[in-house]
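Notes for the one structure printed next.
In order of appearance the chains are A, B, C, D, E and F, and numbering begins at 1 in each one.
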Amino acid sequence: MALFDLPLDELREYRSVRPEPDGFDDFWAGTLSWARRAALPPKVHEVATPLKGITSYDVTFSGFAGQPVRAWLNRPAAATGPLPVVVEFIGYGGGRGLPIDWLVWASAGYAHLVMDTRGQGGSWRGGDTPDPDDSGAGPSTPGFLTRGVLDPDTFYYRRLITDAVRAVETAAELPGADASRIVVTGGSQGGALALAAGGLVPDLVSAVVSKVPFLCDIRRAITITDSDPFHEVVRFLRVNPHVAERTLNTLDHVDSVNFARRITAPSILSAALMDAVCPPSGIFAAYHAIPAPKQIEVYEWDGHEGGRSRFDIAALEFVDDRLR
Amino acid sequence: MALFDLPLDELREYRSVRPEPDGFDDFWAGTLSWARRAALPPKVHEVATPLKGITSYDVTFSGFAGQPVRAWLNRPAAATGPLPVVVEFIGYGGGRGLPIDWLVWASAGYAHLVMDTRGQGGSWRGGDTPDPDDSGAGPSTPGFLTRGVLDPDTFYYRRLITDAVRAVETAAELPGADASRIVVTGGSQGGALALAAGGLVPDLVSAVVSKVPFLCDIRRAITITDSDPFHEVVRFLRVNPHVAERTLNTLDHVDSVNFARRITAPSILSAALMDAVCPPSGIFAAYHAIPAPKQIEVYEWDGHEGGRSRFDIAALEFVDDRLR
Amino acid sequence: MALFDLPLDELREYRSVRPEPDGFDDFWAGTLSWARRAALPPKVHEVATPLKGITSYDVTFSGFAGQPVRAWLNRPAAATGPLPVVVEFIGYGGGRGLPIDWLVWASAGYAHLVMDTRGQGGSWRGGDTPDPDDSGAGPSTPGFLTRGVLDPDTFYYRRLITDAVRAVETAAELPGADASRIVVTGGSQGGALALAAGGLVPDLVSAVVSKVPFLCDIRRAITITDSDPFHEVVRFLRVNPHVAERTLNTLDHVDSVNFARRITAPSILSAALMDAVCPPSGIFAAYHAIPAPKQIEVYEWDGHEGGRSRFDIAALEFVDDRLR
Amino acid sequence: MALFDLPLDELREYRSVRPEPDGFDDFWAGTLSWARRAALPPKVHEVATPLKGITSYDVTFSGFAGQPVRAWLNRPAAATGPLPVVVEFIGYGGGRGLPIDWLVWASAGYAHLVMDTRGQGGSWRGGDTPDPDDSGAGPSTPGFLTRGVLDPDTFYYRRLITDAVRAVETAAELPGADASRIVVTGGSQGGALALAAGGLVPDLVSAVVSKVPFLCDIRRAITITDSDPFHEVVRFLRVNPHVAERTLNTLDHVDSVNFARRITAPSILSAALMDAVCPPSGIFAAYHAIPAPKQIEVYEWDGHEGGRSRFDIAALEFVDDRLR
Amino acid sequence: MALFDLPLDELREYRSVRPEPDGFDDFWAGTLSWARRAALPPKVHEVATPLKGITSYDVTFSGFAGQPVRAWLNRPAAATGPLPVVVEFIGYGGGRGLPIDWLVWASAGYAHLVMDTRGQGGSWRGGDTPDPDDSGAGPSTPGFLTRGVLDPDTFYYRRLITDAVRAVETAAELPGADASRIVVTGGSQGGALALAAGGLVPDLVSAVVSKVPFLCDIRRAITITDSDPFHEVVRFLRVNPHVAERTLNTLDHVDSVNFARRITAPSILSAALMDAVCPPSGIFAAYHAIPAPKQIEVYEWDGHEGGRSRFDIAALEFVDDRLR
Amino acid sequence: MALFDLPLDELREYRSVRPEPDGFDDFWAGTLSWARRAALPPKVHEVATPLKGITSYDVTFSGFAGQPVRAWLNRPAAATGPLPVVVEFIGYGGGRGLPIDWLVWASAGYAHLVMDTRGQGGSWRGGDTPDPDDSGAGPSTPGFLTRGVLDPDTFYYRRLITDAVRAVETAAELPGADASRIVVTGGSQGGALALAAGGLVPDLVSAVVSKVPFLCDIRRAITITDSDPFHEVVRFLRVNPHVAERTLNTLDHVDSVNFARRITAPSILSAALMDAVCPPSGIFAAYHAIPAPKQIEVYEWDGHEGGRSRFDIAALEFVDDRLR
């Protein structure tokens, strides 16, 4: 993909023009309150793996509406005292896979809680968490971005973002966790969830690591790229144009830009200039909205790879610095 | 697509080797019984359209587990007495759209009940029916073919096929319907639903019209084509190979071949030799399994178009003949 | 296709800068005069179909140079008195197909005359009308857009547009026609023919319905899209650049913008913002050129589908209003 | 394209099973007789080029029905006495281009007559010859392979093959030609025309050079490849299946296999095992049908390139040998 | 990719028919002997990373002709005594990247030596090792599979395979290595190198782990797939057919099947039935040729992913078992 | 490809903003001086071909570092006295092929020296020249544009451009050459080499013919197109971003714009407005930089074909004029 979005100097000035939807704070406060009321204590069971240096646990915690959500917890086998916890969210279509898929943060000395993605896990890595409240409100385009999109209350991402917040709250309660040092991280959809959690429970989050995040400045993004998953919205609106405004209003409720405005933790993001999946203008819009100390890694030549393990290292150093 | 499946003379001999799954009849009997117990009388409201020759009604009937399913009913405006009813099911991804999209059967003098497809309606024609019982059992690949596929009880097509059966039962109860002359029809996914309804409520169905039906001889189909939606199963199994047998067993419960064995009404099918979406070998397998009088239209040069309106005319003549 | 043409607010101001070619009126006056002199009375034969609510006729009328052109005429079976006539033209590559393909307007109470497209009918719906005067003047790129394009006199669209005008004149003479209420309609190529007929015989046309019309602002369109059929011109000019100006001058003679300037009937058009086949800027250029009452339906998310049956309904309502 | 047709050892045994159509000889005898009766002497004008070693002439001769067909004649500038003449036919979509495009045979000491292809010249090299008798009999798919295909009399290739025969007859009459040494050559469509001319006027042709020829064993070819131009037939039959047998019968009249059976001159052909445009089985079928001395160059790894200039050299050596 | 190679039951019987080239053992004995004579002791420097649980070293050892080759060595930070060493080779186009990219084996308690791939590192992960002896013998197709392919002596894979053998020999000499427990592993190109090393220095290798290996049964593979890198050979032969036999003979010298015949260590391989990059028939051919205890993991639905981390776990368990 | 670069009126004003790299002249002076010192006299052997009008020679001359480079020399067979020599360079991926591939200039009365391209000849036409000094400095992306790109000294194009200069110097020494009339020509990569030779040995070159030249304004080109070979740089930088500035600096050393500034011979270039392989803005940047008499042929509708033989004729006329 050649440069198709704004040039870098304009990106450095780009802000989203979209106001946040009415009742945004109330919507999320109510949703989270319900989830917390319905929550049970997490279940944590050690699982056997061939990894000697890392101890793995299968975690089940209460997510949206108290529904059970699965996660892996990996800890350095040699660790004894409380550890900072990195809560990781996964990209679109993937599930939590296996503990062996998640070695970076534990190898760097952190407890690492990897949240499964409800209903996903059928595209590139398996998953174990159903989406029991997929109330099926109305038609949807194959994929997850339009499931229940006719109303913020029934929208898939309402549930998933609530899971993400609850994962952070769970991380703070885990045995052996240092609740004062919680990090949220993820790439693409996972990066969007990191921004959302950072904005919804700012008091719990000590650092935000968001790699080429999805769901940024959605109304613009769907007009400048043909790549999925953003294009799912276009396909949906093509056959359901009479609900376009309702649909877009629902999407506003999960736009990363709106969560970014509420983040108070130091944050590191990445954007890639040739990334048609998560176009850089949206990411810059989210970045500029963060009122906390922040850093953005720009990959001039990357598509949606967004820096690969180079960004991981930048993130590890950023977090090591902030949490010291 | 060049000829990629068996040559025509081998198709004319091809039978599926797959036995039907244990408990097939019980599974469907239980499912249908539950739906019937939960059913309420259909609601039928006339709707205004610019069509003067056709009167349209918005119908809501009780489908799977009594859940409301929408449909359009189109009738010739001039008709007075009871009419035979053609129940139509829709292809993958489409919803019922608008009454104006469905003019053929009413123009030919039939009452025409077009069932909406729960949850679908986001790909090429809009829909109005949610899938409230999408219990979200486990991960799925974007699309509908793996939703809840880990268990026959939670599988999407259990619900959709039940809706189809209930649509037939509803058709028989509609005011102005001649309950002794019910036809089921559809193309692709709709053709699979027509075969399913024909096999599950054979006493109610007077003729089956199934155009390039989907879901035929599934275990073979997923290995000979890369086209969606069959390929959704492959993507799902790639990341969830540990549940392959469970998944395939669930799919056996909705394989058109198994329904075909139970059809007693005269049936007309079509197959297209260059159709990579619904490969012809599966359709011939279903065709050969039908123990009733039957006819198959073969389109040597077609892909998934499967004869277009030429098949519609063949179907109209077939039905006119049988229902006279 | 992401938004690739002008943004909507600029489309609302966009005008073509291209003057019409010298002798435009004389060219068409002479062509039509020849066709009229050579015309014989239309032949109209009822044909049997399985449709009970609609009576169908096979019509043969005299088109360009008096050459026979086929059409279907569908009428509500119950109609007795004179009816307004909707003359429909077909999209690129398609022929008139079968009477069963054309049910909307007859179901809405109109006589519906569907003109076959000379020489076409080999891409997506069959046809029955040869192009006997394809004098083969010079080389052409596969397709119809460059056949005989070296001279306006030998150009394929000279013949086809003349057929369209003659179809309108024929409609007014049909038994049971209300000659004071003739509507022209079509999508894509058919939409271009509707604009052409509306501009060439304005006295005969009571309403123009043109869905995502082709052939608008051609000189610009061929530089902003790679989609066929516009791209046929580019391929032709690549290998025949020495005749570029002749070719473009010929195309000017059939540019919808020039016909639009002569339309006096109320007109409804549609444009789709993601339509790379018939880019929206050209359609707005044509729309803005119409000096009569007019309306444009804009589909923000559509490609060349251009609103599908939603536009049909808008068109039916527009026509019902205007012809009342 | 991986190996998709028969393996080489089966190709070496492959024969077409298709009998030739009734009246094949009469059809061609009548056609050619008409063309000869209508023929005028060729016109030959020298044209200026920047080439000093080659003298170029613009030739116009009488083709099908006496219609004018253009050609270039290139001769070594230094030649004085009569020269053998190589008559070349061009691949699908291309025209004669410019004299500078045709240097091989003249550089090798031959007179080289390059026949333009009527109506073509819009895809990859320009042309100058119209197709004035394109009587437009019925619909066609964009391209040339279905133009007038409903009847052998109106089929495009009837006219083009007649032009090819007439080009050979013209070659023999050209000033400075050695009429006893006429060679026909071409690649793809041009290779088919070479086989046709070789079979239709065997007395005039001293050698046949046919590179990856088109139109071989057509009924099989259209079922084993999706590549154009063979796939044009499939698209045509999809929308016009009621005329499938008529269409195929017409194609039988131009099948290279039928012409090959009548060739008496020594012949060299090429086939490429990965050629999806002109699949090798058809070429072997034609090759095996030739009752004269023959040679086939097989390119194991090539697609439709078919040996490139390596084959040219093989052909030059073959011809030099035969004509010595 | 649908099933395109042999069905599974035939794969289970499939053997390569290709004899090994003359002088195979001498060729490799001479090559390795030269490399050993030119070898210097490896250099091992610790490098700083953010990983606390793993200690990383930058290793430089002597590969082909004594040329320096880079590698990463990762060891569990807590380990003290000698450890078994897993030597890993990388897939086509990738370099060694960063130490953080290689965490699995060290997390499982092994020393892990990751060999950089000379000259590669420009496609999906960066590298640091030049290919100083790329003598550039003759033309090549972009990629590495035809570099110097005209002669086994100049062929790129001669150098790379020698590097792989030398990496194994180096592993045995590393400080803290248990030289009696060396494992070779890799996927795709890396899997081919594992088989090669296993066959060339059988005395040093205790277990072979080869995931969807490349370079198996090459003469067949290049005819059944269009995917790169195998297709590079086809492109090369297309334009250089006169050297086909030399090229294929060179490739025989690196065919995994020939190395497999010499393996004495327990071996685990994987094959994926829909893998068009490394078709399963070749992998089964290599598997069947191994005269040692062996196991093959078959992934029925996978393409070139070949089991992902599921295979990693199978491999870890296999190795743990064998090395205990 | 629709118009994707600047519109024509802006192209006519476009200049590159990039300054040339420090030490540019010294870099090339040193490189050429080394090559000249290492040079041996060319070897020239006549080769047999089937061409009677052209005599062909296999030439081996000393290129970069004195390494042998192959070429064909074609001369009109009838020529006796000294002839002007046209030195031709070849497009990306192709080798010199066979003498029969190169007939235009000899047919026009010139001696024609066609330089083989070291290492290439694996994509579309075979070659015979190795690249013995491919020192393999660091990783590369498949292709030639990043081979040794980390340093100007090791870069592939340093060697190839030196070969081109040496080919010009060789041309002047050939028996039968008129050293005062040397022309350089080529298309795409060959066009870049023509500009480079024209700028590096301006005293030897009497005319420059450069068709859609490659390597123009590289830093911009790699951001506006996704087509190879420019996109090879992007792929390389994606995985090796830490060396981006080094890489781009190396590329500056071969940017055609910098050579264009040093050309003193009359020059003719071509640019094609829809050419995504060598975007027109870069070509205009090079064109505008030439301080000598110049002409640019603009092909409005062409992609990378860039005028085909029409440009050849323009070039022949331009050269005939200048060399008269």
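Heads up, the rule we're going with is that a residue touches a chain if its C-beta (ideal position, glycine included) is under 8 Å from a C-beta of that chain, and two chains touch if they have at least 3 such contacts.
Going by UniProt, the chains are A, B, C, D, E, F = Acetyl xylan esterase.
On a predicted model such as this, the values are computed, not experimentally measured, just so you know.
More than half of the contact pairs at A-E come back, by residue number, in B-C, the repeat among A-C, B-C or C-D. Between the Cα centres of chain D and chain E there is a gap of 50 Å. If each chain is reduced to the centroid of its CA atoms, chain D and chain F end up 37 Å from each other. Rounded to whole angstrom, the centroid-to-centroid distance between chain E and chain F, based on C-alpha atoms, equals 38 Å. Residue positions of chain C with contacts to 2 or more other chains are 125, 239, 308, 310.
Taken as a graph of touching chains, this assembly fits none of the simple shapes: it is neither a line, a ring, a star nor a complete graph. The full set of touching chain pairs reads A-B, A-C, A-E, A-F, B-C, B-D, B-E, C-D, C-F, D-E, D-F, E-F. Those residues of chain E that touch chain B in the shared complex are 1-3, 274, 299-303, 305, 307-308, 310.
By the touch criterion given at the top, residues 49-54, 76, 78, 97-98, 100-101, 103-104, 106-109, 125, 308-310, 312-313, 316-317, 320 of chain E touch chain A in their complex. Touching chain B in their complex are the following residues of chain D: 223-226, 234, 237-239, 241, 244.
Touching chain A in their complex are the following residues of chain B: 93, 95, 118-144, 146, 235-236, 239-240, 242.
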